[in-house]
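A, B, C, D, E, F, G, H, I, J, K and L are the chain letters, set down in written order, and residue numbers restart from 1 in every chain.
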Amino acid sequence: MAVARVTRLTASSPTSWQNAVQEGINRASKTLRGLTGLEVVSQKAKIVNGKISEYRVTMDVTFVLEG
Amino acid sequence: MAVARVTRLTASSPTSWQNAVQEGINRASKTLRGLTGLEVVSQKAKIVNGKISEYRVTMDVTFVLEG
Amino acid sequence: MAVARVTRLTASSPTSWQNAVQEGINRASKTLRGLTGLEVVSQKAKIVNGKISEYRVTMDVTFVLEG
Amino acid sequence: MAVARVTRLTASSPTSWQNAVQEGINRASKTLRGLTGLEVVSQKAKIVNGKISEYRVTMDVTFVLEG
Amino acid sequence: MAVARVTRLTASSPTSWQNAVQEGINRASKTLRGLTGLEVVSQKAKIVNGKISEYRVTMDVTFVLEG
Amino acid sequence: MAVARVTRLTASSPTSWQNAVQEGINRASKTLRGLTGLEVVSQKAKIVNGKISEYRVTMDVTFVLEG
Amino acid sequence: MAVARVTRLTASSPTSWQNAVQEGINRASKTLRGLTGLEVVSQKAKIVNGKISEYRVTMDVTFVLEG
Amino acid sequence: MAVARVTRLTASSPTSWQNAVQEGINRASKTLRGLTGLEVVSQKAKIVNGKISEYRVTMDVTFVLEG
Amino acid sequence: MAVARVTRLTASSPTSWQNAVQEGINRASKTLRGLTGLEVVSQKAKIVNGKISEYRVTMDVTFVLEG
Amino acid sequence: MAVARVTRLTASSPTSWQNAVQEGINRASKTLRGLTGLEVVSQKAKIVNGKISEYRVTMDVTFVLEG
Amino acid sequence: MAVARVTRLTASSPTSWQNAVQEGINRASKTLRGLTGLEVVSQKAKIVNGKISEYRVTMDVTFVLEG
Amino acid sequence: MAVARVTRLTASSPTSWQNAVQEGINRASKTLRGLTGLEVVSQKAKIVNGKISEYRVTMDVTFVLEG
């Protein structure tokens, strides 16, 4: 196992927490190379007019440092 | 941001934790006005005959205090 | 309530955390009689080529001790 | 399981922590219908002249929401 | 010590966290009789254009139950 | 000190948490040899008609591994 | 409220955790003046031949500093 | 760095938490030589007639041991 | 809500913890675009000759990821 | 990843915590097949006559369930 | 004290946790200037054929921000 | 078991965390009689020029109170 770095992200989705996680990973993989894993830290939601309008997730994402 | 109150709820669903959260919010919105958000505190399940019979969630729900 | 024991399991699924929980319960019910409930302890995922390849869950499973 | 609410109470007794819990439940059951359970959160005591004068408990009390 | 209840509040202020706490207590004392104490749970802030625009506090407020 | 194992148990009693702990140890000592200690993890209770009907305890029990 | 100091003690009793707490306070009040309160930190027990032989408690004790 | 000891103090002030910390340090420096730092552990307040009458802080104070 | 990143900073001030937070945000806004919020993680202080010489704060700062 | 189980062990060594961990793994591998990993939970030591006589470790050990 | 940033790293070594920490710092110092300290967050190990094959550490590393 | 007191110490060493623990115990045993055990609370290190210059440990030390 090489040396890896862990960074915390928040992301959201109108449909589910699992989808919010995928949104966050899609965005992270544009900038960070070597993503190997994630851990969910918190699951929140925004409520508008008595309905959940947004699923929000905080997660720790791990990526291997090259070189 | 006005002053808001946070209350803890538990709810359940036979199909999923996400559905249990929605059940809880549906019930809360009958009594509490001004719901703005929630955070999942725990995800449990009841098991009967080796199968999950009920998904149970505990969550902290935030609602704005009027006046 | 009889005396019960709590054991920690990890399980995984290519599709979702909820499915990983079900995989773990399916396996546990082969060996452990008297399963009554579970609590999710952590939700992680393995990432390959910028995509989630495996949803991993750690959970505490409760089963009643006979006799 | 219906939707339930969790509220935090503190109570005290001159004789024991277990009695303090019962005092709190007695008072809570005057106002809250549908009490189903409790969890002890902390056990403290007040000391006067080198003796425990009051056992104090903080607990989370669960009650089912009707309707 | 009578039986008391603990409720969680969030409040905010444009000037300081200590002022946010006072805002929350001012609002709470309109509705809740018998307030005896509080504990700060978290201190957050909103940032706009690189400046703190709002100090936000979450606190647990204790009030004695009558009767 | 030999190598020891720690396992989590839940037990209950109609009279007290301390009695629930003893119930759990009585049951555990039928199956596990070499019990050396325990630590209380949580103290809960079931409430029926405004009265505590069952004291429930979760505890970590340590037993020495032979050989 | 004057400035107070908090110190951690462990104590034990052959009969109960509550008695162990009282043992600890009895010993502490020989050396420390101005004891005002305590909080239970952990409740453990020693087991010999399948029976609890000693109830052990860890607690934080507060005493006011004079002058 | 020499060997240091960490002790927990509580202190209070009618004006602010920061002032309560200073009160505690003033008192501690009468008795303890070699104070090097502190960490805030909790921020509480006493409320009388709907107003904060006392800001209370708990802090861990570090002091170097001589010799 | 776009995808955001959370990073941990420490900062200090000779006058107050609140000022230390502002120092940290001032420095962070030179390098990080899109700062939206912060949460205080710890409040420490350095003591010299029995006086607080430096207020130190650790905080989690959130900033939105562009694109 | 197959379904795995996590069990807590304590072990000791007269020379170091790292050696205590190896002692625990040596003993566990006699009974448990499929060990894949461990996490250190606590590091304690016994002191006799002012010297450390025993390094004690608590760890969570993971092993894959067959079939 | 200037403003500093804290980042989380994981590293590994075939020989010891302390060596894994040094591996992580060696790698970090290639990219990050101004490293001032670290704190160990977790100590894990990988086990192959009943032997520890890799010591893994997670740590928070602090480095001063220039300018 | 007699009544015991727990105090927190920090100590350091240029060579290892385990050595830092021994340094702390050596110093503590000059002043405190009846040391029986310790628990490691945190492991930190100071870094100078990209190298670890000092291993720092915080630990809770237990000593029996006489009389």
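We take it that a contact is a pair of C-beta atoms (placed from the backbone, for glycine too) under 8 Å apart; a residue touches a chain by one contact, two chains touch by 3 or more.
Just so you know, these numbers come straight off a predicted model, no measurement behind them.
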If we look at chain B and chain G, which chains touch each of them?
D
CA centre of chain D versus CA centre of chain L: separation in Å?
39
Can you give the whole-Å distance between the Cα centres of chain A and chain G?
45
Shared interface positions of chain H, touching two or more other chains
7
Interchain pairs in contact, sorted by label:
A-B, A-C, A-I, A-K, B-C, B-D, B-E, C-F, C-J, D-E, D-F, D-G, E-H, E-I, F-G, F-J, G-H, G-L, H-I, H-L, I-K, J-K, J-L, K-L
Partner chain G, residues of chain D touching it in the complex:
16-17, 42-47, 50-52
Chain F residues touching chain G - in the complex, by the definition given at the top
18, 21-22, 25-26, 29, 35-40
For chain F, which residues count as touching chain J in their complex?
1-7, 60, 62, 65, 67
Touching residues (chain side chain I, partner chain K) in the complex:
7-12, 23-24, 27-28, 30-31, 54, 56, 58
